[in-house]
Structure formats: C-alpha cells, structure tokens
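Which chain is which? They are A, B, C, D, E and F, in the order written, and residues in each are numbered from 1.
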C-alpha cells in the first residue's frame, strides 16, 4: 500500500477530484496549506508597498491506494494538475505500513478502498 | 517507530484525545481538512437548489509512536471513533525513519514521547 | 529521498524559512494545526472560568529532500526552532518512495528540488 | 419628487396646512415628537442587529446561521404578533391585567401624543427586543420550530400582559410602579424567559463536568460580538430617550441620554476591573456584558435620576452581572450569552434603583430612599419587578413545557454536536473556512 | 463652540434670527423638515454599507475585497456624477424625458421645501443605491475598470433620466404614475441593469452544468450577509419615510414607517415558510432576501396603502422572489446575490400594487382595483414600470456592450478562478485564514 | 406608557407647557435643536464602532480582541474623564489656556442653546473620538494598562486644553482661528498623539528591515475594515452638521452635510486613482483611508466653503494622505492604521483650507486666499493648527514617557509575537479558525 500525497494549486482541486473518480479512486483527504517553490509569487501591494509574496496557497491531497493503483492515482493527478507552468506542485509517494478502516476494524489492503 | 495518522469525524476528536491519554499517549498533532469516501454526504440547500455535499469535514490526527505503542494507539482511536456508520474514517500507519525532539536535539525512540 | 516533517511553534515559521533558504532548501509546504505535548498550555479565562488550554497552535512544515540534504534540513530547522523550552516540537523523517514534479512529470531525486 | 407633490399634495395640504403655509415658525409639536419617536423606533429596531451580532459572536461557528435566522424571525414574529394581538392586550383599556380591544389595530388608539402608527412601531420594536434576548440564553441547542412558536407566543401574549400592568394602565401602574423604559417590562421579561428556557432545555453538551466544574465554551468571533455591543449601545439611545415620547424643551431627553451613556461607561469600566482583579486578565466578555449591564440597569430610572446617580447605578449594575455569572455556574444553568445576568438580574436591579436614587423633582411620585423618601417607592419597585419576573418565569415555563410536548424543544445529540446550521438549515456559516473544534 | 458663535453668529443670526430670538415655540417648519430629510439621507447612505456587507457575505471569500471596493466607488461615483450631471437631468425642467439645466448644480433648484443641498444629498444617496444593486448581480467576474465606467454612466445619465420621467415632472408623472419612494425608479433600475449585465457577462464558471442543472455557489459569510440585511432594513426607514420630504403632522411618515416594517416582516416570514415547504429546510438566504423583497415591494405604495394592505404586499412580494429565483435558473442567468428577483421583479410588483391596494384618501389620484377604482391606476402603473424597465434594460445593455468593446467586461478565466482580490487588487480579504475551495 | 404620563406629566407640563398645549405649531426651537444635537451625538458615538471595526480589520487576527477592548474602554474612560475634569477645563471660563470651574459638571453651563446634558454628550463623544484614533497608530504592541492610563489622561486633560483654546473661548478663538468641527481640535490631537506614541513605542517586529526597506503587514479582515469606514462616514454626518448645534432654517446644516459627503467621495476617488497609477492596482486601503482623509479635511471648513470647494478639499486631502503614507516610511514610523496621515496630516490640511477656500458670506471672519482675502486667515489657521499640534505632540510625548517609566509601554517580544489577545486577555478572537502566519 502506498500513500500518494499531492501538493497542488487550489484551483485544480475540482479537476483532480474528477480525474480520481474517473480512475475509480473515490477516497481521499484534503487539507489547505501554503507552499514555497520555484514558482515566482505575485506582487501584492498594501499601503503603497509592493512585496513579492512567495508563500502561495497550496492544497494537499492524500490518497491511500494499493500498489496497483499507485500509477493510476499519479497519472490522474498529473492529468488534472499539469499546466506546465512553475507552481504546478509535487506528488510524493510513501510506503503505507498498514491501513485500518475505523468503521469495521478491517486492516490492510481491503481497508483502503 | 511508526506514524499513526487517523482521518476522523470532527465530532470524535475530544473522545480520541481522551482514549489516547488513557492509553498513555499524550502527544499528537491535529489538522483540519475535508475528505471524500463512502459516506453519503448530506443534502444542502442554497437558494432553493439542493446539492449533495460529498466533501465532508475530517480531522487528521498524527501520532508518532514507538513500535510497542502502535497497536495501543490504533485501538485507542478505534474505541473513540468507531460508530459503525459509513464515514468513520481511516487509520494509516507509516514507517518513521527518524524522530527528533527540537528542544533537546534527542533522536530516535526516546524523542517520540 | 526523505520527507522531513516538522511540527513547530507558529512564531518560528519565518525563522525556519530563513534557515532553510540558508541551507539551499527552497521548497517546502506549510499547514496550520494544533498539537498536544509536554508543554504546559496557558491559562485562558472566559466569563470568569479559568481553563488550562492544552491544545496549542502548531505549524507543520513538510520538506521533501534527497538523502544528502536530510541532515541539513534537520539542522536548519533545529537552529530556527530550538528555544530549549518545552513545546519546541518534533521533527519526523519518513522514507519517500517516489516524488513527481507535476509540471514536467519528472520522477525521483531530480524532481525533489 | 417635484411632480409627486401635486399627486399627494392635496392630502398633505389638508393635513399639514399651517406647516406649509409659512417658512419661519410653525413647526408642529406633534410633527417634531413623531419624528423623535420614529427615529427612536428605528434605533430600537437596529438593536435587533446588535443582538444578532452579539449572540452570533458569543456562540460557536457551527450554530451561527441558526441564531441569525432566529434573530430575523423573532423580530418578524414580534411585528406580526404585536400587530394582531399584542398591542391590543398591552395598550387597550380592559382590566388591570390585560387589554381587551383593538385587535389587528382596528379601533386602536395611540397611548401617546403621536400618531398610532408611530407609537405602534416604537412599541413593536421593544417587543422584538424582549423576544430576541431569549435566543442568546437558549442558543446552540434549541429546535428551530420551537423557537418560532415561542417567539410568537411571547410577542403576542406574555410580553403584552406584563407591559399592560405597567405601561397600559394596569395594576402596577396604579400602584405608582415606575419603569421608565423597561428594565422590568422588556429586559426582565426577556431575561426570566431565558432563565426558565435554559433550565428546561438543560446545558449544552460538555458545558458542565460530572464533578460539577464547568468548561467555558468560547464564542467564535470577538469582532462580531463587540460590533453587536456597540450597535446595542447606539440603539439604547433610541430605547431610553425615545420612551419619553415627546421632545418638549429637550431637558428630559437630554438627561435620559447622558444618564444612559454614563451608566454604560461606568459599568463597563467596573466589570473590566472586577474581572481583572478576580481572574487576572481584563476579560472583554465582561467589558461587553458590563456595558450592557449598565444599559439595562439605567433603563428603568433613566428619567428620574441625576447623572451622578447614573454612574452609581452603572457601577453597582457591574457588580450585579459578575455575581450573576457566578450564580449561573452555581445553579448549573447554561446561558451561552449571559442573557439572564444581563437582562434578568440587571433588569431587577435597575428597577429597584428607582426606589433608591429616584427624585420627585424629576417626576417620580416620591423621593427615593437615598433622598429621604424612605422605603415606600423601593417597596413598590420590588413588588412590581418580582411580580412581573415571577409571572413571566411561570407562564413561560408552562409555554416551554407545552412546546416541548408538542414540537420538542431540543435538537438531538448528534445534531447538537454537528451544529444546528447543518442540520436545521443545511447551510454553513463560513463556507470554505477551515475551522477546528466542535 | 461657545466662541464659535461670535464668528459665525452674524450669518446665523441673519439667517435664522427668529429661531434664536425665542426659546419656546418658533421652531421653523423648514428647519424640522430639513432635519428630517437629512437624517433620512444619512440612513439611505448607510444602506451602502448594508449592500456592501450583504453582497460580500453572499459571494466567495476570494472576491470580497473586489466587491467592497466597487461598493465604495460606486457611491463616490454616484456622488460626483449626480453632482455634475445627474441632478440637472433628473430635476430640472426640460422636456418630458430629461432635464436640461442646472449642471454642476449651478442655478439648480430644490424640488422640495427643503434647501437644495439637503434635497440633493437625499437624492444622491438614492442614486448610489440604484448603482450598487448591480454590483451584486454581476459579482465575482466583472472587471474593475468596467465597473467604474458603468457606475459613472448609470448615476450621471440613465438613472436620472428614469427619475425625471416619474419624479422630475416627466411624462410618467404627467400620467399620474405613482412610485412613492422608487420601487421602479430606484430598484427596478438597479435590478434590470443587473439582469442585462449578468446576461451579457455570462454565468460564473461552474454555475451551470452542461446538462442544464445548476450548482449552488454558497456565500462565504452568513454573519456579514445578515448584518447587511439588518442595515438595509434600518436604512429603508430613511428611504421610504424620507421620501415624504416633510414631517407635517407626522401622520404620513408614521404610516409609511409602519407599512415598511410590516411588509418586510410579512415577506420574510412568507419566504421562510415557502423555502421550508419547498426545500425541506428554512433557508436563511430566502429569509434575508425575503425581507428585502418586502421592502422593495412596499417602496412604491408605502404612502397610499393601509398597514393591513402592507402585510399583503409583503406576503405576495415573498412569493415573487421565490418565483424569481426559479426563473433565473430557468433562463440560466447567474445573479450571485439575487439582485434581479429582489430589486427587479419586486420593484415591478411593488409598483403594480399601487394600482391594487392604493387609496384615494391617502393621496393617490384614484382608488386601486381592490377598492373599486377599476383597472385605470393599475394600467398606468404597469405602463410606467414596464416602460422604465425596458428603457433601462435596453440602454444599459448598450452601455455594457460599449464598455465590453472598449474596456472589456469580464476578467479572464484564470483570474476568475484565482479570485478578483488577488488579480485586480493584489490583496487578500482574510490574510492568514485557511480557506479551502476555490 | 399611557399610564406613565400622569406620573411624570406634572414635571413635563411645567417644563414644556406650551408645547403640549397645542397640536399645530408651537414646537420649541430648543426642543428641535436638542433633538438635532442628540441625534448627532448618537451618530458620533457610533463612530466608536467604526473606529473599532476599522482598526481591527487593519491589524492581525492575534491582536483583535486587544484593540477592541481598548476601543471600548477609551470611550468609557473618555465619558468618565470628560465628566469629571474634561468639560470643566474645556468649556468653563478661566484663562485663555484652560477653564477652571465646573468640575464634575457641578455648576457647569452649556456653551450652546441646548441643555447642558445634550451638549455634554455631544462633546464627550468628540472626546472619545480623539482618544480612540490613537489606538490605531499604537496597535499590536502597546500594553493594555498603559493604554488605559493614556486614554484617561488625554480625555481628562490634554484634549480639553486644546479644545479650550479654540472652542472654549481661549486664545485661538480670540484670534479668529476657525475650526468648525475639529480638524485640529479632534483629529490633529488624535493624529499627533498617535505619531509621538508610535515613535516612542517603536515599530512592530518585522516592520522595517535592516536595509531600511519596509514590509507590509496586511490586516486580517477587509470586510471589517470597510464596514468601519462606512460607519465612520455615517457618523461624520453627526460630527460635522451636529457641530452647528442648531437647526435654524436648515440652510447651514444642509451645506455642511453635502460638503462632508462630496469631500469624502472626491478624496476616495482621488486616492484610488493615485494608488492605481503609482502601484499598479486600485488599493482598497487607499480608497478607505482616502474617504477618511476627505472627511477629516472637510471637518474644519465644512460650514464656510461651497460644495465645489469641498470637492477640491477632498481631492487635495487625497494627495495629502498618499504623501503622508510615504513620509511615514521615510521617517520609519510604524503606524498600523495610518492614524497620523489620516487624522494628523489631513487635520492640518483641513484647517489650512479654511484660509484658502473660506467665505465671509458663510460666516468666516474674512475671505480666504482664493477669494481675495489675502493671507491673513491662512496665517491664523497655520498658527492655530501648528500651535495645537506641537502642544499635543510635546505634552503627550511627556505623558508617554512618564507612562513608560511607571507602567511600561510595550509588551515584551514574545508577547508581541504570540499576540496580545492571548497574553493580555487570555482569549482568542476567532476560536477554532485555522489561521496561519504570526
């Protein structure tokens, strides 16, 4: 089992959801955050002072999947979030040692979906 | 060392805390988020349009523990969060390569607690 | 590749950023949260009732790095966040199975930076 | 609107002929008084927004939409209920306990020297204030249909009866009971209802522990709450001076206005310092509710006391509310916004102060205790306020028990945990905002 | 200011000599009326804050700063535009379609018995209200420069022309068309502009699906929106009674005030129950817009109907807005705050009700349909409101098309997704708050 | 309240007999003027809410509860301080520098033709405004006890002294210095105090970099701030017209009202365009503070200039504030809400404009420069405003130094980082909301 974690731009979140659904992945968790990367931030002015805002809004999407779904999940996210412009974000894949469905207490692969 | 990450319903968070304390686990981190799973969302109406809201509020609880506490942590969370209804959430367990207590710089197992 | 996750006090976040930049690490993600640990909370009063607030604000900083940067990242965070007082927080290091740059589709080590 | 004048000009000319005829002099007294009463009524209306913001700020985000809906609808219910039944019961002749004619305002008469419509609006806004006070005390757990039923009943029947006793020529008025702008009639009515309602409803989940200790449940927005207090204070400048119902030579309304302001300021400073000394920090909750305590306390005596006395009334009112907050914890009643200490206890206190600091020279029937008038007026005041409070407590207790039997009073456990916004209204108050804590 | 008196005392004495000379009696009618009109103007000004809060609350957090900037500037633009051109076009003699003299207020005259400056301020605040209604209907996607241009044009030209027809002695005034405080002149003007604007702009991204179904886009702050409604209701007590422009003996303004209040309350209760029955939950969106529907509906007839009729006008206005919301979904127009149903449709409805419930005895030219006056007044009302609405719809349509050609009307896709705050103003509305959802 | 009439009727009849005796005609001038002054005082009171919301919106969430507590208490302190000492110092005879009798209002007299209580309330609200301006300039780092001490001292002593010079018959009044509603007396007093306070306190952590560049610290809530500006603008309609203290025939107050409105609108448009041109985006911060700049600027001259001049005063005031913002950055003073540019610099500018656009025909002692009156009035204005500003700057500087020695002025580093809400009040402003950034 793997945990696929994507840091994406807020505006693509609905697209990512759609693509995940399309890839038969219907379970995921979302958290709001901010991030810093190569993307040049934007010019903000406040009281006449311009600053470069380099901490940009990001959304974290966590998807736990079985091995055979990892690639599907990654591709779905890529399809949805890739614009080719700096700032598109990253996908991190980590090993999942165990997964428990709280409702039933089921463990392992069958608890993922 | 393992990182136990639970995605639970917001309303069980106080219970989870209590059960963790009961299990001698007193350190954890909490983040707000939303999630999508099997739970049927709720009907929301706004201006006379009903929609199915399927993105529900979830809280993420991260607990880093030594191996011998993993099962305790999982059981504590299950006790607190299990209602048997769809939407109870998931627990993910990942390997923790290292853990550092910032205050002292201690590393590894003794830094966890 | 490793994922370095630090749970720190909100007020050190700008310092952590600075130190990370100083260590040539310019990419990271930040999420707001709360945490519970050894740090004694503070006394809050509301309507004449004093309570011990033990759930304190914490910020989660995630930095994905290649192996040779792990120690640098950890040290940078320690420099910024260590005050020696309870509550400084923790750093967790987990293995990163894969990393994908969404913009280009690059994978693995070269996608990290 | 130039061309509108020919249209309605005829009527206007007939009604206000002398006023239009000349440019200097000639403004009619009734015109001036009507303007005054209307502006006051508008300010009292705005208090509804003040209550809404205050109550919303003092509760959790997940019940915000619910309390604001209640706030809108109790005013609407009050407007309609007071139109259909309330005004008749309150202001028509009848017996010492309630009026009996003029339902639907048919054949109703103004009880002041201004047109009925203006007087009604002013009174209806008062009625709405009494009704909405209760929302704060019963917040975060009361069913919405039950609230609608409650708000119609209090506006159409209970409040008007209490009002009739004192302002409608009822038995208290005949005893020289004095409650200028309604410490008892409006605020105690609201406060006592909130108390009995909160008792019947029971405390919010998690408010009291098994060992008897209590957990604070902080409100979700200090800015909203403080905006609410500012708006209420502003509205009180309609509530108290407006109750004079006439401008006259301006002396009376000026005195009322300064008294209102000084009592509020003195009470807020008092409660801030008390909370600072007792709890170690200046607690904005007490500053805000302190200001309201001062305002409620000065409401009854505002026309018959001096500014210096108003300061004392504010200071003592500040103590009352701090004690009241402690009392609530002792009797284990959960009143999320402090409706009972603020409106109930300070309502009683304010009514009593008439008998302490009141002056014959300012229009009271006899001097207050501190000016050598003895205990007579104080006794009357005590009788009036306790009789009114007990009547409201008992009658509204019955009403709530009846509503509980018919409609149910409290949402179920899961709804309470998830928040009334989601379950009763299917709507979030802060869509998109990440909010932790239930 | 004691010592200021010698300074300006001379002028004051010359101007107001009789007023200062005596202490009792002698208040001038024009003084009282001016005070009344000014206070009303201030209340109408405050509606700008009400619109701002309402509109901000009904849209997403990412466009909040944008709509509030528009809100400020449309009032400023209205103030300047109505100073330079608007007043002259609206209130000067000229032809039945527009006035032709008094630009920059040079040589302008007051169309009421109060000083020009007071009358102007009252009218300018009305003009600002008409302009700002549109912000809500075109929210979350309109370019800022385009909005500035639009707001100047409507205030300087379009609104004044419509106003001239009815209030400036134009052709509708000559036909006995009656619109007391502007259901048509102000609200329909704003509402029809919002409709045509929203049509030309197109719906927000994601509002309608390919299959024709629609997605609600909930607003980000219920407390802001409800504060806005309370402020608007409060401001309406300036809008309607103030339109009487004179206090007289207080009868007329009292009637107007109570009618305003009852219609709003009745409409809010009506829409709450309709939404409860139709959609299963009492929807605060409908409660709030219901109150506004009642207020808009009573605006035209408020001076010439009885309180009981006002309740009926409110109830029916409540139905109009619920139908209007459905209509919007059918014609696939995206109006984020419901500007067209509230101000457009209820504006029409309110204007028509004059012909239904209007009374000759209250100053109308002839009895309404329900009092045996036949269809005559109703016909005139229908002619006036439809003529005005169509004129506005067409002329503003042309204006928007012209602005689109010159400045562009809609922000680009990416800006809309990211929010107008960031892209048009480089500022966040809630710095630091974690907000999910775009 | 029918039955209340017999109770207080006697007094009322004695006081206002002629008013009650007849129905048409006979409204007393003093009654009308009192109503006017009271309503104005209420509006000025509401400005306190405006300042509170504005300041809260312009700072970070973690200090919101703190600034709102300050806001409440400075008004309360002003009410009490101005009751005990302030009014006596300001309005009693005495010497050209301060009054010496009438402490605790004992034996005090009204300096206008309205009852003392009404005049006092109006003046006390002004005093509160001067005090609260400073909260914004010293926000996010000042100790709470120090703030309480400061607010009592300024209200009881410093403001009344400056006020005595101009409005209490002091030396500036005798020189024909003209400051109608307080550009200097109120706003410059607040602004100069904010400047010296901010200088002594030092900038917030992180505001300026070692290399001299500055970092913006954006406020946490644009809706709160803009609500604040709307409320302030509304309150200014009490501030300026109310300063006329009499309705008269309505001419003067109408002129003042329109001037107030036009200056605000013109200034807001001006600053929006300046910020757009200079910084590339229309910056709502400048739109909002621009409106305030116009309001402050027109405060001194509002009664003695024409509407066209008011527009010019607004436009130039808009430039002043943009320059002032730049100046603050150059002198490295950290004024979180722009209190000094808005109230200090525009206060000076507004006072000077009396000498430029003032008209003898409107009651000024001599024509302004632009109408051929030469430099005389301008010189007097410059003398008055600079003398007042320097006096306040120096005396308040000493006060702050003394407070610093006794109570400490600034919270410690860690408290500032964590926020004053937590450390000074033990309370969060937005419980449960996830907020990032310290």
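What we mean here is this: a contact is a pair of C-beta atoms (placed from the backbone, for glycine too) under 8 Å apart; a residue touches a chain by one contact, two chains touch by 3 or more.
Owing to the predicted nature of the structure, the values given are computational and were not obtained by experimental measurement.
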Neighbouring chains shared between subunit C and subunit E, ordered by label: A, B, D, F
Interface with more contacting C-beta pairs, comparing B-D to A-F: A-F
Length of the line joining the C-alpha centres of subunit B and subunit F, rounded to whole Å: 52
Where subunit A and subunit C are represented by their mean Cα positions, the distance between them in whole Å: 18
Whole-Å gap separating subunit D and subunit F, where each centre is the average of the chain's CA atoms: 31
Per-residue multi-chain contacts in subunit F, two or more chains: 19, 23-28, 30-32, 35, 39, 218, 221, 227, 249, 279-281, 283, 285, 426-428, 433-437
Shared interface positions of subunit A, touching two or more other chains: 30-34, 43-46, 94-95
Overall pattern in which the protein chains touch one another (line/ring/star/complete/other): other
Those chain pairs that satisfy the touch definition: A-B, A-C, A-E, A-F, B-C, B-D, B-E, C-D, C-F, D-E, D-F, E-F
Parts of subunit D lying in touch with subunit B, wherever the complex brings them together: 206, 414, 417-418, 422, 426-428, 434-438
Residues of subunit B that touch subunit D when the two form their complex: 10-11, 13-14, 30-33, 42-46, 59
Residues on subunit A engaged by subunit F in the complex (per definition of touch): 32-34, 43-51
Subunit F to subunit D touching residues, read off their complex: 1-5, 7-12, 15-16, 19-20, 22-28, 30-35, 38-39, 41-42, 45-46, 48-49, 52-53, 56, 64-65, 68-69, 71-73, 75-77, 79-80, 83, 104-105, 114-118, 120-121, 124, 144, 221, 224, 227, 249, 421, 424-434
Subunit A residues touching subunit C - in the complex, by the definition given at the top: 2, 6-8, 31-38, 55, 58, 60, 74, 77-78, 81-95
